[in-house]
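Before anything else, here is the set of structures, which you'll find just below.
Both complexes shown next keep chain A, but they swap its partner, so chain B is in the first and chain C is in the second.
Right, the complex of A and B next:
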C-alpha cells in the first residue's frame, strides 16, 4: 500500500503546481487589468469643446476589454473629425487591433483632407496586417465644421449614424454612402456625403452592441427602441441623452450579460447659431 | 454554438449550418469544417439554420470562403435568412467575396 501513497516530494510538487497556477492566474489578471487601464485611458481621451455644438462618446465593453473604438480629432482648420468603429471579435485580441486602428487614425487624421481620404489612407495602412490576422474593422469617419454647420461622412462597412432633425423632431439614417470594411479589399477609394446641420440637430453614431443587446427571452433591443428613446430625450444635453440610452438598454436587458461592446457618440448643434 | 451536417455527392459537398455563428464556432470551423471542405471540388454552405452572425462569425465565414477559393474550390452560399443577409449587405460581403457566390 505504501508504494501507492504519494511521497513527500510528490505531494510537494502538487502543492508547487497549484501555487504556480495561482501565481499565473494572478499575473494574468494583473496584466489584463493593466491592459484594460491602457485601453480605457486611450479611449477616454479629451472630448473637444467648441463653439456652436457639443460632442460626447462612451463605450461599455462586454468583457473586461473591448474592441469598439471612438475618437475625436480637432483639426487645425477648426473642424472636428470623429471616428467610430468596431473591430472584429471581442476581448483582448480585439483590443490589440483597436490600438492598431487608433494609431492609424491618429497618424492620418491631420494629413488627410476629408473623412473619405482618412478611410482610404487607413485601409492602405492596415490592409496587409488585417489580412494576415484574418480580421477586419468597420468604421464611420466624419467631419463637422462648426463654422458652417456642414457635416461630411464616409463609411467603411459600418452602419450609418442616425440623424435627428431638431426642428421637425424626426429620426432617419443618414443618406447612404457605401464603402468596404477596412481589411476587406485592397486599394479602396472611399466616397463621402455631406449634409447641412441646423440648430438642435443631432447625429447619433453607434455600434451594433446597442441594437443587438438581448433580454432573457433572446429578443434584441433593435433600432425601433433606440429611435423611441432618442425621440423622447433629444431635447436634453448630449450627456443626458447618452445616459437615457444606456438606462433604456439596461432596463430592456434586465441584467442579462452583455454579449457585445456598446459604443455611442453624439454630436449636437447648439441653439445659438455661429454665423451660419 | 454552430452545428453542421455534411451531405456529399461525389465531388460536391453541401454543408448545412445551424445555430449562431460566433466566436464559439472558431475551432469547429477552422479545425474540422475547413479541412473537410478542402477534399471537394465544389462546396455549398447552406445558411438556412443560421439566425445570427456576429463580427467574429463574419471573419470566420470570410476566412472559410477565401481559403477554399485559394485552393481552387468553387464555393457558394445559399438560403441566407433576411436578418443575416442585411448584416452581410452592410458589410458588403457580396462585393468582398464575389457577388456570384450568393445563390
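Right, the complex of A and C next:
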C-alpha cells in the first residue's frame, strides 16, 4: 500500500510549487501596481498656474508602466521650465530610467539659466549611468516667460514641438535646433532658439507614441491627423484640447493595445486677460 | 513582425544586412552577432531593408558603435 505514497508526495510538491508560483505572481503584480501608482503620482503632480498662460500635460503608458516623462518647474524668476522626454525601451526598465531623468531635471532646473544649460548639465549628470546601462533619453526642454511671451527651447535628440499660431491659425514645427540625446556623447554643449509668442499661440510638445499610434490594420495616426485635430480645437482651453487629441487617438486606435507610451504637453498664451 | 540578419564576411570586414523590424522584441538577434566581432577591423550595418526601428533598436546600434570603439573597430 505504501508503494503509492511517493507518487502522492510528488503530487503534493507540484501543488506546493504551483502555490509558490501563484504567490510570487501576486506579489509581483502588487509591486508593479505600486510602482505604477508611484510613477503616475510623480507624472501627474501639480500643474503650475501662472498669469500669462496655461499649461497641461498627460501621459498614457502602453504597458502598466511607461518610459515617457514630462515635468513643469516654475523658476523663481517667473519663467516656467517645461521638459518632455522619452526613455529608451519600455516597461519597468524604462520607468526606472525615467525616475533617474526626473531626478536630474529637478536637481539642475533651478541652478541652470536656460533650457540649453539644463540639458548640458543633465547630460553631464546622466552620461556615465546611461552609458553603463546601455540606454539613452531624448528630451526637449523649454522656458516660457509669461511677462515677455518669449519661448526658448533646446533639444536633446527629441523631435520639435508644434507651434500653432493663434492669429493666422497655422501649424508648423518650431525652427530647428539640434542636439544629441542624453547619454549619446559626453561633454555636449546644447544650443537653444527663442521665438516670440503672441496671444492664443500654442506650443504642443509630444512623444512619438502619438503619431505612431496604430489601429487594427496597422495604420499609424500620423502627424496629419494630429495637425487636423489641433486645428479643429485650438480655440479651446488646454484641457479641452488635450482631451480632444486623446479622444481622436482613441477613436482611431479603437482599443488596439499600443506599443509606445502616449504623452503630450500644451502651453497656451493668454496674456491679455491677465493684464500683460 | 520579425528580423532577419544576413551576415557577410569580406576579409576583416563584417557586414550585417538587417531586414524587418528592429525593436524591443528582436534586438537580441543583433546582440548575438555582436559577440562575433573580436577578429574584424570594420563593422558595417546595412539598414536599407529595415522597415521599423524603435528606441531599443537605436540603442542596439549605438551599443554596436561603442563596442566597436572599445575594440578599435571602424564602423
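Going forward, the second predicted complex is superposed on the first by the 265 of 276 C-alpha atoms of A that agree within 3 Å, B and C clash if a C-alpha of one lies under 4 Å from a C-alpha of the other, contacts with A are read in each partner's own complex, and residues count from 1 in each chain.
One rule holds for everything that comes next: a contact is a pair of C-beta atoms (placed from the backbone, for glycine too) under 8 Å apart; a residue touches a chain by one contact, two chains touch by 3 or more.
These numbers were taken from a predicted model, which means no experiment stands behind them.
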Putting chain B and chain C on the same copy of chain A, do they fit or clash? clash
Thinking of the overlay built on chain A, is A:260 touched by chain B (first), by chain C (second), by both, or by neither? both
Based on the superposed arrangement, let me know which partner A:184 touches: chain B (first), chain C (second), both, or neither? both
The chain contacting more residues of chain A, comparing chain B with chain C, is B
Which partner chains sit in contact with A:135 here, chain B, chain C, both or neither? Use first/second/both/neither. both
Please indicate which partner A:196 is in contact with in the superposed arrangement: first for chain B, second for chain C, both, or neither. neither
Can A:89 be said to touch chain B (first), chain C (second), both, or neither? both
Can you list the residues of chain A that touch chain B in one structure and chain C in the other? 86-90, 134-136, 138, 184, 259-260
Once bound in the complex, which stretches of chain C touch chain A? 23-24, 54-56, 58-59, 62-63, 66
So in the complex, which bits of chain A are touching chain C? 86-90, 131, 134-136, 138, 184, 259-260
For chain B, which residues count as touching chain A in their complex? 23, 54-56, 58-59, 62-63, 90-92, 95-96
Contact set on chain A toward chain B in their complex: 86-90, 134-136, 138, 157-159, 178-181, 184-185, 212, 259-260
